[in-house]
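Two complexes, one shared chain (chain A), two partners (chain B, chain C).
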Partner chain A sequence: MKDESAKLGFRLTLPAQVLVLFISVFPLLMQLYISLTDWSPLSGQSWTQAWTMWNTFANYSDVIHDSRLWAALGRTALIMAVCVPVEFLLGLGLATLFMDDFPGKRVAYSILIMPMMVVPAVAGYMFYMLFQSGGPVNDILSRLLGHPVTLAWLSDPRLALVAVMTADIWQWTPLMFLILLAGLVGVPDDQIKAATLLGAGPVHRFITIVLPRMKAIIGIALAIRVIECFKIFDTLFIMTGGGPGVATETISVYIYKIATQDLIWGYVAAIALVILIVLSIACVWALKRMAK
Partner chain B sequence: MSTIHLENLVKRFGPFTALKTMDLTIADGEFVALLGPSGCGKSTTMNMIAGIERPSEGRILFGGRDMAGVPMGRRGVGFVFQNYAIFTHMTVRQNLAYGLRATRRPADEVARRVGTMAELLQLTDLMDRPAAGLSVNILQRVAIGRSAVMEPAIFLLDEPLSNVDAAFRAVMRTELKQLQRTFRQTMVYVTHDQLEAMTMADRIAVMDHGVLQQVGTPLEIYNNPANLFVARFIGAPGMNLLRGRPVETAGAMSIDLGELGLTPTLTPEQSAAVRAAKGEVIYGFRPEQVSRGLGMAMPVNFVERIGARTILHLGQGKDVAKVVLENDAGFETGKDLHFLPLPSAVRLFDAASGIALRGH
Partner chain C sequence: MTRSLAFMSFRYAAILLAIAIVLVPVLWMASMAFKPIEEWQATGADLTWIPRAPTLDNFRYIFGRSTSDLIVTLDKTALKPILASFLSAGIGTILAMTAGTSAAYGLSRFGSGANLPLALVQLRLFPPMAVMTPVMIMWAFLSFTDSWWGLALVYGIVTLPFAFWLMKTFFDDMPKEIEEAALVEGCSRGRVFLKITLPMMRAPLASAALFVFILNWSDYLIALLLTTKQWVTIPVYMASLSSSMTGQLYGAKAALGLIAAVPPVVLGVLIQRHLVRGLTFGALKQ
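Right, the complex of A and B next:
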């Protein structure tokens, strides 16, 4: 009887299983296969014939010596190291603010959430316009400082990175805010009251009660943003296209460029696979640590 | 060491008035229970004493000092929450030391006071256990210890036994009373369980619908309820209340209960009070204060055995009463039971206002 129902269950979920197989397992295997060859869409052969260009692990050893890749990785790490903490602190500050009632809270809430709903490409174009040398950012800075500012935000290698980070922070602080607000709401009210009645001030309460209770949710929020930030692409690509030069070229932009311009797909597959493996290991490690 | 004065206390939440008016003086070292059904305003009163809620009107004084504007952390009030609000991410020791550390006491003082408190509450062996996995009775001791270690002048307990099963509740009632004797603090205890209030409190403040109904010792409240609400609420089962019209024949006053006939004659004091009140009255007597004998007759409708005693539900419709008898008492279901409320136990209330009529 039990056997029967298990069989039925298998048969009923079979279509879904086949779908998952096609969506995730098949492309992965295809990627693994191509990454072991020199195949390119320009080679004039179907990808199934890629074995004729077999090069074993040559692509993987190229990955290790690819200085442009490592520079892109470093840049991605830098963006992550700046954006995620800033988004976290801003989000936490805003969430704490929103725990109290103040006039216009609902409106402020809606406005705050809005950046998250903007299509990344649109956000990219918005910031592209904002950061033009004759654009609103310079205009506002000129008025504030009292003398004309004509910074070339998107063509100066350092400033371009700042502009790109600003856009990312603008767009993703709301997500941090939302997750952390949910965490704050989840801290039992009684515990806060109990701590207050025992004479604890707001800072002491925050450190001893609120933060420990939010550990898990903070971990989740950071993990989401770290992973997302690693994949940063659309907004950035529209703003700078990875430039000037390679000044804002992140991992995703680099992969995109060699995939669409250089068309060396065997190598692209190898890079993507290495990143996937490294990220997966990092994620599993982080999740295990969080579970402790 | 502190008295508590509540003066004309009112609390409104928007259009809803949780506490209509409250005047109460609690003596230093006294154990007062705020007793009432849920929604009667007892927890609101407690929260205002603690400073968690701000009164809409009126004053709260601790030992003569007005508490308006004193934040809850500075009132010197120990508060035990209904769910104990234990910091479950800490150990027992960290819980006990929380208040002392938060107020930056020196480490050796913290260690000493926490140690003493742990010994007093028999928590010494559990000090380094995480608070998360402890049983309810230990959590309760931690909650009390966490507040008591601050040596507050006033201790507030918000239904601390409502999460505990019946057997533990009996143990903890005794335990709490003993703790109060040890600490000698002014204690305010919120509960909806009259047994808890009766057994522990020096005085009980009965509340209903945001109004203080009666304040008195447990026996005063049981024996002389100030109004119909208290009469019904206190006692298990509550007082029997039958509506009737006073009749006077040959100088002897009794109450005509309609279909149930006349009650036994009232005492001269009761008669005087009834005469002064004029109009319909409520004739009240406790189910456990009756004797068998000719006086009143009501049919036995339903029998409830509660172990030590037997409760008989008498009558039907509007004229119902309950009588508590010994288990071996003879009766027949469906037949009339003849009984007589003890003359000294009869209480009379004004039918219109519900207020007790007291003979002077």
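Right, the complex of A and C next:
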């Protein structure tokens, strides 16, 4: 009986194991090999022949001196540092408004979570249209301010960054709202009532009872957004293509550009491996902390 | 608990503002999709929120019935990209769900594959751009590049973590008594899974599959890297809809964007109950 179970369990998990192995081990080894060479798909040789272009650790020392890479990393961090907290606060604020019932709640809820269902590339295109200098955003601003506004959102380096952040906040605040609301609803009612009877005001109740119980959920929500924000590509690439110049070039956009335009795949592999190693270490560290 | 009038009005005001912000970009695209070419780039006083002369020309145009107003003829219509998106996202979903469901059951009931939860989360952690070059080399070698099956295979692997985690939490939640009863009756473990567990889990399976389908349908980067001509998906095709003669084909792009946006939004409403569970890898249930 036990044997049968173990055998069946092995068989059931086999396809997933094969797929994971297929996407992690083989590409990883291939990347490690190529990262030690100058190989490029334009070199006219298949990747197996890459050893003829061996350059040992040259690619890795290039990574350290690649100022464009570090700038892209800094920009990604900046987008993360602005978007994630804003999304969190807006999402939390909205979620607190949804804690008890009111007429129209279901409809409002369904509409508010819609942005995250929109295909990111399409969302990027929406905001590309909105931020045209003769587009609706400037139109609304003109009406609010009472004089014509003609900001060139997507061709001004600073404004372009604001525009892509706006798109990210529009699309992903609903995710924060959704997760945090699920967490808020899970806080036991009786504790809140008890605190109310003892004379605690709503703000005080929120800080001393609700927030501590939401710690894990807030952690999950922030972790998900930080991870996804680090990968940011679709919306941003459609809106600005990383431009003007390199003003909105994030880490993914940078790798995309050197992989598809410069085609220096040996170097791309080196960057990718460094990122994978750093992320893995960060992941293990974070999981260890969470376990505590 | 009674709320003060001030709070109620503040709440409605705040929610209405949020709804307006959510809707403006969507409505602008919807309006653009029905605008004739003259209104595409109208600015200043001419800028209209509702098309002055609504038309279906943009939709006709992307489906190949070229209209006189739009000078350029398309290399290809939107039909093939729509098919490509459905095929690759659909087959990718089937692959992810098959591998994910069986692995989730194996772990949930027999404790096999204890390495999978972490390995799959890690898979999700890495930026796709950092792992795609070896895949591109392999796919070129296997001549999978620019094909719906090549894309579907990558989609299946990329969304496997979601399928696995979702189904694992569903299996963990499921009462085990029925399975145990069937075992006592003399059913084999494999038969119990196929004949009793799976049929019982039809609703969760459907939600998980729809969730995975939305994720696959939403991809842009992977299709951008792995397809070039024959099997480009909707987002890639959409981004290519501009020419040196006309510049951006605003209305045509908006029409296509509207088509691309409809399936996930509709499916998303259908599986609203399970969204939180799916998005948090089952860490949170609603």
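Going forward, the second predicted complex is superposed on the first by the 276 of 292 C-alpha atoms of A that agree within 3 Å, B and C clash if a C-alpha of one lies under 4 Å from a C-alpha of the other, contacts with A are read in each partner's own complex, and residues count from 1 in each chain.
Assume contacts are C-beta pairs under 8 Å (C-beta built on N, C-alpha and C of every residue); 3 or more make two chains touch, one makes a residue touch a chain.
Since we're looking at a predicted model, the values are computed, not measured.
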| item | value |
| --- | --- |
| Fit-or-clash call for chain B and chain C when the two complexes are aligned on chain A | fit |
| Residue contacts with chain A in the superposition, chain B compared against chain C | C |
| Which superposed partner A:276 touches (first chain B, second chain C, both, neither) | second |
| Partner chain(s) touched by A:26 [first = chain B, second = chain C, both, neither] | second |
| First (chain B), second (chain C), both or neither touched by A:64 | neither |
| Chain A-centred angle between chain C and chain B, computed on Cα centres after superposition, in steps of 10 ° | 80 |
| Chain B versus chain C as contact partner of A:144, first or second or both or neither | neither |
| Partner chain in contact with A:175 - chain B first, chain C second, else both or neither | second |
| First (chain B), second (chain C), both or neither touched by A:134 | second |
| Partner chain in contact with A:17 - chain B first, chain C second, else both or neither | second |
| Which superposed partner A:220 touches (first chain B, second chain C, both, neither) | second |
| A:204 touches, of chain B and chain C: first, second, both or neither? | first |
| After fitting on chain A: smallest Cα gap, chain B-chain C, Å | 7 |
| Overlapping contact positions on chain A, where the chain C interface meets the chain B interface | none |
| Chain B partner contacts - residues on chain A that touch it in the complex | 188, 190-191, 193-201, 204, 208-209, 212-213 |
| Touch list for chain A against partner chain C, complex | 4-6, 8-13, 15-17, 19-20, 22-24, 26-28, 30-31, 34, 41, 47, 93-94, 97, 100, 102, 108, 110-115, 117-123, 125-127, 129-130, 132-136, 139, 148, 170, 174-175, 178-179, 182-183, 185, 217, 220-221, 224, 227, 230-231, 233-234, 237-238, 251-252, 255-256, 259-260, 265, 268-269, 271-272, 275-276, 279-280, 283, 287 |
| Residues of chain B defined as touching chain A within the complex | 50-52, 71-74, 77-79, 81, 83, 85, 87, 89, 98-99, 102-103, 146-147, 150 |
| Sites on chain C touched by chain A in the complex | 1, 3, 8, 11, 14-15, 18-19, 21-26, 28-29, 32, 41-44, 47, 49, 98-100, 102-103, 105-107, 109-113, 116, 118-135, 137-138, 156-157, 160, 164, 188-190, 193, 214, 217-218, 220-221, 225, 234-235, 238-239, 250, 253-254, 257, 260-261, 264-265, 267-269, 272, 275-276, 279-280, 283-286 |
